[in-house]
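Note that the chains take the letters A, B, C and D in the order they are written out, and that residue 1 is the start of every chain.
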Amino acid sequence: MKLLLTAFDPFGGDLVNPALEAVKLVSDRIDSVDVVKLEVPTVFGKSIQTVADAMAREKPDAVLCIGQAGGRFDITVERVGINVDDARIKDNEGNQPIDAPVFADGENAYFSSLPIKAIVEEIRKNGIPASISNSAGTFVCNHLLYGVLYHIAKSYPNIRGGFIHVPFIPNQVVKRPATPSMSTGDIVKGLEAAIRAIGMYSEDVKVTGGKEL
Amino acid sequence: MKLLLTAFDPFGGDLVNPALEAVKLVSDRIDSVDVVKLEVPTVFGKSIQTVADAMAREKPDAVLCIGQAGGRFDITVERVGINVDDARIKDNEGNQPIDAPVFADGENAYFSSLPIKAIVEEIRKNGIPASISNSAGTFVCNHLLYGVLYHIAKSYPNIRGGFIHVPFIPNQVVKRPATPSMSTGDIVKGLEAAIRAIGMYSEDVKVTGGKEL
Amino acid sequence: MKLLLTAFDPFGGDLVNPALEAVKLVSDRIDSVDVVKLEVPTVFGKSIQTVADAMAREKPDAVLCIGQAGGRFDITVERVGINVDDARIKDNEGNQPIDAPVFADGENAYFSSLPIKAIVEEIRKNGIPASISNSAGTFVCNHLLYGVLYHIAKSYPNIRGGFIHVPFIPNQVVKRPATPSMSTGDIVKGLEAAIRAIGMYSEDVKVTGGKEL
Amino acid sequence: MKLLLTAFDPFGGDLVNPALEAVKLVSDRIDSVDVVKLEVPTVFGKSIQTVADAMAREKPDAVLCIGQAGGRFDITVERVGINVDDARIKDNEGNQPIDAPVFADGENAYFSSLPIKAIVEEIRKNGIPASISNSAGTFVCNHLLYGVLYHIAKSYPNIRGGFIHVPFIPNQVVKRPATPSMSTGDIVKGLEAAIRAIGMYSEDVKVTGGKEL
């Protein structure tokens, strides 16, 4: 099995992106999964194109995109990407779309086709906090998640795809009081557990994991 | 203009639901909007049916559903309902669906057709904190939001629909340390501002309001 | 019984101080307690002097000082004032002492002589969240609490004194995302309950209310 | 220079105490500081006696006690211990004092005599979030901090003493949603930075670090 693992570059004034720092350290092979890594620009449009090009080139069995979720406490496995770009801040090339569709001919939303609950369980088994998230926001992370699932829906019915958000790392919060963080090592451990679960589960497990809100 | 305003009954061990307490106190007429109120059971299936019956009976121009968002700090206007029921706790009749679709023949998601950004702005103008939310969770609130928008998509193209979540009221948090709340009076003021905005705006305003996550 | 009730003026860029807004609305007589109100400048030194002058003039039986605790969820009754001024920001006259004693000849700390647990219980009975706080910070609020208790210790053995912190009011958090608030009306109700408890209890009740941290 | 480094055993239902896990991994020698380690029972009275015995036996130049601060985001260096035991939960031997003094003949409070601001700066230089805390709570942590400073005030004028609180480690929060944590490795790195600062600074540095509350 071949997995394309992507991570965004730094944005919003930060000098690092924990997603990228961690992805660099993830093993190239986890159980029977070969991991191919890709850095993605935090830019509307280009981010999707970069991953779409790699999908055409690498022909992976699964695509897992990683992004920074500043302010979240744990590793969050995204359930769904929605067809909207609504940026509170500019992306790395100055774009700031407001309430625009990602793809005008796409569905309103696409659900992750990765085994999201099995991933959460496997990460937790390794002593790392994790949970399902029901929103990837409306910035470039949701944009890429939606875009990858759109391309899968249109062109690659056999590829599975999804997105995981990771917290800030500690040195990003030295000047952000009362903000949670997770060490790069623990993020790596969590991502490797996630990839292991993707290798093991072709269908998701049926366990609780929803939220009232 | 006629607006159907719904609110859930108490659930999850609470003796009150701030949505219902507030809706009872909302004026029956706000500017040119006639408000018809409806209590809805916190039950999968029945909640949608209750509102669908009222839509058939009342023929409103808009449907606004209100629910409790314990733990949120402000009034949140929901952007989207997704086609999944995934309950962490049982509903008021003991149902606890896991990762099931709301309607098998529905879209993956439906976007609110209310002017969500105009609503946020109007609530804030009244001194009440408000923001856009990109997830209504996966319990009965999302279920109802999705269900109302499904019925609109299938049968009522001229009705607009959406959902607003409100925080706990103070006496619900006396025994919940470090949990935000909002007074019933401020929730009422916020909901009346929301209804005023629905009456004023047939199209939404284009202003920032997205989130990175 | 005569109670001197003080409240700080706005500081730190806010246009209102919820302590002052609420104190203005507190009844002048609560059960058998006559309430004398005093506005206090958010200034090191002057704040203590202003209250000390009023204590000499009014000869109250108790002094209750009220301050803003931006970021706290509930009404917090302070247990102790410590002998240190350590300002993160400037006060309203530009003073910013760092690690200086409030009074060089004072104790390291003074405990509130108000019935703090009875106050918490009475506020909660009214449906308003409240708890004991073990730190009034190191800015002008702690400064005043310490200063009032210092003057009591030195000169007024029969006066009881203490401090209550109140959250932001809603319009202060419209532009502060994810920050708790409490309506002015609920703060007033809480403060009146506190004063009622001060009138009823000469000694505190022995109930749990501590914190691990 | 010889430093006595203490850590509490697990309490409150947790199977580990991050303070103890980290202290075990701290180097025995950091620059010119020899570190002598001591496990302390989470028990009122016995905790102080255990450390007092070790002070008499080891004759250290400084005592640094470490405790768990579940819910805090960063490493917090305590400024002050107050003369009160007020337990919300039972200690490890079932004691639950309420509003009792630690020592009837002690001061109301004692300030840490460690260079608390220099410690915060040194930890942050290592990329680990840290800040000053103005309350060690009213459970066994404050009890021990106060008790150590009491014994220093009465009998050991040349020993410096203080307390540092550390967050949960990740596996403690797998079942505690929305709770911050820090990896054991980062806690160790932070504590070693703290000890280095204690070795370097006989007087504290004068920098901001206070809080409004």
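Just so it is clear, a contact is a pair of C-beta atoms (placed from the backbone, for glycine too) under 8 Å apart; a residue touches a chain by one contact, two chains touch by 3 or more.
Here's who's who by UniProt: A, B, C, D = Pyrrolidone-carboxylate peptidase.
Because the structure is predicted, anything quoted here is derived from the model rather than measured.
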Which chains are in contact with both chain A and chain B? none
If you list every residue number at the chain C and chain D contact, are more than half found on both copies (same) or fewer than half (different)? same
Compute the centre of every chain as the mean of its C-alpha atoms, then state which one is farthest from the centre of chain B. D
Report the inter-chain centroid distance for chain B and chain D in whole angstrom, where each centroid is the mean of the CA atoms. 47
Indicate the whole-number Å distance between the mean C-alpha point of chain C and the mean C-alpha point of chain D. 29
Return the distance between the CA-based centres of chain B and chain C, expressed in whole Å. 38
Numbers and ranges of chain B residues touching at least 2 other chains: none
What are all the touching pairs of chains? A-B, A-D, B-C, C-D
Write out the stretch or stretches of chain B touching chain C in their complex. 73-74, 124, 127-131, 170-171, 173-174, 176-183, 185-186
Which positions of chain C touch chain D when the two form their complex? 12, 69-72, 79-80, 82, 84-89, 96, 98-99, 107-111, 117, 132-139, 141-142, 165, 204, 206-213
